[in-house]
Amino acid sequence: MKKILLIFGVLSLLIFIRPALGLNSNSGTNTISSSVSVNQANQVDETDSLGEAFEGVKHFYNYTGFANATSGNLLMILIGIVFIYLGIKFDYEPLLLIPIGAGVIIGNIPFVAGNQTGIYETGSVLNYLYFGVVKGVYPPLIFLGIGAMTDFSSLIANPKLMLLGAAAQIGVFATFMGALYLGFNLPEAGAIGIIGGADGPTAIFLSSKLANGVNVLADGTVVKNLIGPIAIAAYSYMALVPVIQPPLMRLLISKEDRKIKMKPPRAVTQKEKMIFPVVALILTTFISPSALPLLGMLFFGNLLKESGRTERLADTARTKLIDIVTILLGVTVGASTQADIFITKDSMLIFGLGAISFVIATMGGLLFAKFMNLFLKGDNKINPLIGAAGVSAVPDSARVVHTEALKSDPSNYLLMHAMAPNVAGVIGSAIAAGIILSFLG
Amino acid sequence: MTYIPLFTDQISEGYVILFTGLLIVFTSLLSLSLLFKYGLPLMLYIYKVITKRKDKKISEIKVEADRNFTGEIAAAIGAAVHLYLDEQHDHESAILTIKQVKKPYSPWSSKIYGTQNRL
Amino acid sequence: MKKILLIFGVLSLLIFIRPALGLNSNSGTNTISSSVSVNQANQVDETDSLGEAFEGVKHFYNYTGFANATSGNLLMILIGIVFIYLGIKFDYEPLLLIPIGAGVIIGNIPFVAGNQTGIYETGSVLNYLYFGVVKGVYPPLIFLGIGAMTDFSSLIANPKLMLLGAAAQIGVFATFMGALYLGFNLPEAGAIGIIGGADGPTAIFLSSKLANGVNVLADGTVVKNLIGPIAIAAYSYMALVPVIQPPLMRLLISKEDRKIKMKPPRAVTQKEKMIFPVVALILTTFISPSALPLLGMLFFGNLLKESGRTERLADTARTKLIDIVTILLGVTVGASTQADIFITKDSMLIFGLGAISFVIATMGGLLFAKFMNLFLKGDNKINPLIGAAGVSAVPDSARVVHTEALKSDPSNYLLMHAMAPNVAGVIGSAIAAGIILSFLG
Amino acid sequence: MTYIPLFTDQISEGYVILFTGLLIVFTSLLSLSLLFKYGLPLMLYIYKVITKRKDKKISEIKVEADRNFTGEIAAAIGAAVHLYLDEQHDHESAILTIKQVKKPYSPWSSKIYGTQNRL
Amino acid sequence: MKKILLIFGVLSLLIFIRPALGLNSNSGTNTISSSVSVNQANQVDETDSLGEAFEGVKHFYNYTGFANATSGNLLMILIGIVFIYLGIKFDYEPLLLIPIGAGVIIGNIPFVAGNQTGIYETGSVLNYLYFGVVKGVYPPLIFLGIGAMTDFSSLIANPKLMLLGAAAQIGVFATFMGALYLGFNLPEAGAIGIIGGADGPTAIFLSSKLANGVNVLADGTVVKNLIGPIAIAAYSYMALVPVIQPPLMRLLISKEDRKIKMKPPRAVTQKEKMIFPVVALILTTFISPSALPLLGMLFFGNLLKESGRTERLADTARTKLIDIVTILLGVTVGASTQADIFITKDSMLIFGLGAISFVIATMGGLLFAKFMNLFLKGDNKINPLIGAAGVSAVPDSARVVHTEALKSDPSNYLLMHAMAPNVAGVIGSAIAAGIILSFLG
Amino acid sequence: MTYIPLFTDQISEGYVILFTGLLIVFTSLLSLSLLFKYGLPLMLYIYKVITKRKDKKISEIKVEADRNFTGEIAAAIGAAVHLYLDEQHDHESAILTIKQVKKPYSPWSSKIYGTQNRL
């Protein structure tokens, strides 16, 4: 068996590797004939129309990925594999990186255009699933699920921590300015800026509205389609939060400050938790109506969770519904990185800006936390580390804070406290997105 | 949707958005925090006055929550979670193994997993 | 900290409340400057372009809900809150009232048109989700789930109780006549009449076909879009069944009759339960083919439940699938009550007619139950109370009957018996919808 | 789709629909009830004759159902449900409390609730 | 009560059976009057406009299924009932046959065209749900779920068994040739051939791309819409695998060979199982890019399962998501068999070809297994029975193999081994579909 | 999408597709099998060399799998499944009965099954 496997295998590999090796067509011919002879052995009599069969193989070969692969495709596939590797090996946001990584591979399998295969070809399955991204339908559904799984008690117990979520938004607007200076036009810059919000769905939602390759500017130019790069950048850096934030924390926060223990949050009544989503929904969307799809669904989901009467709906929203949307969103966003469209100078710039935005956002949060401490007395003082959680990237940044605090004092559990700025960061980014949208939409 | 510029210069408008944006983000989150620091207790008080303590159901729902959910517990949970997170991977693999041994063949439309699914 | 919170807060509130208080723009200016000075303290240097920043705030302010709120919006938001309150506090159909209530709030957040925010704006997320309502796609999916969770044994055991489900439909046709007399045209009246069916999905389905704001009458007039008001009316009164029905029961049914104990239903074999959905599907849809989407899915779901081979599908249909659809249907139906479109004389009339229809339907069921007793001997006699369950509003009306019966005799458990007319009422309403559709569709 | 009127007068057509509709609704539900009162037993009998009692599987499926699901049980359930409904709210709050203490922070894409979800 | 039930019943039945019995309209009239008199008894006064009411009934009657039923409809409904019966009674693929059977009934309820009822009428609910079939969206989602529930270890442990999955594909191409000889044009023949793949989703996917009634050939002729017949044929024969395969096994495999015990597969490491989906995805789709939607999703789902980090996504994909899609796919595919479109000579031919294709595929697998044994020594020898599992029809054919093997040796458990060619068959069919698509798409 | 024929004669093209198709299907599955027979071990070896055994996490995940999932178990499962499949129908009916007795009335939007769903 080994023997035949080998003979057959070597020959067949030849068929596909040939062009790579640059062998001439003769070797091709005898490949065919010989492999056919093997087929013969199998069950069919193929003695006739050998030539045509060869024609057929050649005809078919032009459809294979081997014939159409570009270095860009191979590079992107490699990146996809790296995403998956990071997700599995280092447990960085695997629920995001693995679907996206798989999507990147799927999106970069070389194909012949016009066959309804690619994600950008109308009528292809991927294109139908991508619809939810292009139209910004998936993000609000994910926010519904987030709302149904988020407990805002720490925020209700300690409202002033909301300001940390606001402070981190400096990252959004700074990146926005940076993008402008790098020559992106306003809507594109706005979409890029939101990467600093460290919130995937918000980033996808805003970019699908501003940098969707459809809108037309006053001067007649069409905005670029940056949904792919922005989403990938946002999710990549969200996954890398455990790498990005710790050094900044050690840089900006003194040993003593890191040791600060915060007094346990007060107990929050169920009634408060029921009122919160309603009030927050009305207030935030009154201020930033363009964020309605995001904030409306977020607080609606939270109401389902806290009402105490709709547990079954909340449970579906935070499990199966969000899972389904996450799968579809992840794989399509990944697939949207088709090399010929994705590998551009813009994408590189966006990745650079993204890195900076996370740094600025983190610093903003940390510094504003120190600033707040100036006004806080005694055991009301907050541990400045939790400022870093203001970037959202829920819940990783909160867990990073938790871990960092433990390094300086193994008995200092900040997770509960860090959740407050963390969810505030989500709200803050959504509001910021709404503001940008109302200015540039 | 076409975009009509407010200002001739992109950069200068950028700054406007920068400042306005930050201002508004802060304002909104601040007003939210103020609302919950001062507004909410007031609302609850008024509500109580109106309903003259007649609201059984909701109070029931919340009561136990209050009792148990003191700060100490919160801290305790923090600790628990911490320990928990460290052990997690072993759990993960354990679960994996079980799954693997439980159905190493279950493919689509099998009568088998119709049941597995129930188990 | 308190201090700065207060200063900052008061100022910022001023920004938004100003117009309400009618302060002049000066106060506005120093608001800006002072709050900016705070920002300065935070992290950025904003000394330049203060004027423009003020411009920006003014420009942005026009997008906020504060600038665009109408009394109508505020009224509707209040109604939304009341819905949620009723759902949480009195447990009235919370699975419906809470999503709808949240939707009402979301749909009435004031926004600037043309930004793809509102549910009636093409391209907005809410508009995409609303699609399932406008096209009548959600109701059949909900019926699929209802079928997968409904046990028809009590109906199979006691077929004559089906007539109670028919009797209650008098409410549908009476309301239909009422609507005609109030000047609605035929299709609109038909859609309004179905409120008397006490069945949300059926009401949405029929109104999406008849009163969708699209169809054109022979005389060239376009029918009104009454989906929103009809759906809200139907669900509101379904939630209020525990309030509406008891007085009517006491009014029409004598103390003795209320005490009647019905003999336990015979055991039903699994084979009967398997045959029921198939036979019922064929018979009912042969009589009323236009009800196919509703009845077809209802009995298909029931077949999945009873076949004993497709439990996993039935389970999904009656849990996650129906939950997802309920969430989307509830929030979009709620959001469709956008003040400028919802607050009309028509809506008020529809609410009036709705109330009457429920009363008539209940009375129809109760009286026909008494009428049937004239022909029934001994322990075959039925407890007329169960006639009220014929309005469907599953399962609340059945539970109301159960509770009422217990008041007159604490040992009289009618729930099982009341379920028969209750589900018959669902079938009856669907058939009625089909009839109306085939006459006026 | 355009609607062509059958009758010049809306009201009169309304009455037609009223009477016809009620008639048909009654007829259909009545025929359904008759079918199940008289038709079904006949069908089952014929089926039994045809299959000459060879139908094991289905009978297995139903058999226990018959035994246990007598009217007494039905009544008992009625009672149980009744009691049950009264207690429900406490359950509700209990459940709430548990949930609350179990994951007072679990947000999106957390490895934590990936596990909770499994538990 | 009995009495009135009978009177009323007989009369009402008369209304509908009349035309069948060819009674004259007089009987009709007194039917009305008498039944009305009953109604009177109920609650309404209907003495006036009796004539019009009769008009109404006549008008309505033309909408009922009784008026529009064709023998075709009744035949198809009967077939639907048979499908359901087979699923329940003999447990043949009930998860497929029961939804499809119900769909067949739903799709053949007679209706008046132009009322947005039928599955082929734009705007009807069924038509919206059918979209996922026509556009080939459902199949990849089902493959996602299959991937998330399939364990490829037996394949990884024993790679050479993959060839059995390839051998079975002879069924696909032989059927393709047969269809050509029967006069179908190339795309239609390609779509019909895939029935031999014994894989429902693949068949639907390919036929929705090739034989969708939309594509135009070079000579200007439009291809037929064969999605319905092909899907029904594929699923029917998949369900009948336990009937089709055993005789062929006994025919082709000797008693001794059937007794062959295979050595237990080696243990497979988790790392191998993680790498498999990625490598397989890249290699197979490079060779056959047109199969990307199917193979991409299949291996993506498997990655979710094996990564060990995305269990919650895998779980959703293999339970609720696949269930929802299975329900919708089953009922719409069933409903697409509307008699006037389904009952054609083509459908009959397709069913004939389908039966043959399954036979050829099975024989191909069995014979190639015997052929492989010529090269295998000692305990490496494979039990030729497992070749039959190469047709996929997962997991039934594997279980048939298992059962057959037990008949010749009650201690010979082949299930694990048979799974290898079984899943290989799925991959093989998808690749074959891709090839055909790239030739004829 | 319009289809341009490669060959004038359908049948002859059919044969081409027949042969080419089979050839390619075999080739691809064969190369896949070769890859896993020879390529994969190599890859794993290289990976190990590169990471110099530093890969804890993954190994943890797999380790137990290896231990327990020997061929014997596999066979055992085969047997188990076999027995299991025979008993299934009784299970099925049992489950049915329970379900039936547990909620013989639970229809839509009931507060009851909101809870059932939880139980």
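Order of writing sets the labels: A, B, C, D, E and F. Residues in every chain begin at 1.
Note that in this section a contact is a pair of C-beta atoms (placed from the backbone, for glycine too) under 8 Å apart; a residue touches a chain by one contact, two chains touch by 3 or more.
Nothing here was measured: the structure is a model prediction, and the numbers come from that model.
Comparing mean CA positions across the assembly, the chain most remote from subunit C is F.
Seen from the Cα centre of subunit B, the chain whose own Cα centre is farthest off is E.
A separation of 35 Å divides the Cα centre of subunit D from that of subunit F.
Centroid to centroid, with C-alpha atoms defining each point, subunit A and subunit D lie 42 Å apart. Inter-chain centre distance (subunit B to subunit C, centres taken as mean C-alpha positions): 28 Å.
Residue positions of subunit C with contacts to 2 or more other chains are 5, 16, 42, 44, 56, 59-60, 88, 91, 94-95, 115-116, 153, 160, 167, 170, 270, 274, 287-288, 308-312, 315, 319-320, 326, 415-416, 435, 439, 441. In subunit B, the residues touching two or more other chains are 1, 6, 13, 15, 17-18, 20, 22, 24, 26-27, 30-31, 33-34, 37, 57-58, 61-62, 65, 69, 74, 77, 81, 85, 89, 92-93, 95-96, 100, 104-105, 111-114, 117-118. Across the interface of their complex, subunit C is touched by residues 1, 6-7, 12-13, 15-20, 22-24, 26-27, 30-31, 33-34, 37, 55, 57-58, 111, 113-114, 117-118 of subunit B. Put simply, subunit D touches subunit C in their complex at residues 1-6, 10-11, 13-15, 17-18, 20-22, 24-37, 39-40, 43-44, 58-59, 61-62, 65-66, 69-72, 74-75, 77-79, 81-82, 85, 89.
Those residues of subunit A that touch subunit C in the complex are listed here as 135-137, 140, 144, 160, 167, 170, 209, 274, 278, 281-282, 285-290, 292-293, 296, 299-300, 303-304, 307-310, 312-313, 315-317, 320-321, 364, 367-368, 371-372, 375-376, 380, 435, 437-439, 441.
Per the touch definition, subunit A reaches subunit E in the complex via residues 1, 3-5, 16, 41-44, 56, 59-60, 63-66, 68-69, 77, 81, 84, 87-88, 91, 94-95, 98-99, 102-103, 105-106, 109-112, 115-117, 123-126, 128-129, 319-320, 323-324, 326-327, 331.
Contacts from subunit E toward subunit F in the complex involve residues 91, 153, 155-156, 159-163, 165-167, 169-170, 172-174, 176-177, 180-181, 185-187, 189-190, 215-218, 263-272, 274-276, 279-280, 283-284, 287-288, 308, 399, 402, 406, 413-416, 424, 427-428, 431-432, 435-436, 439-441.
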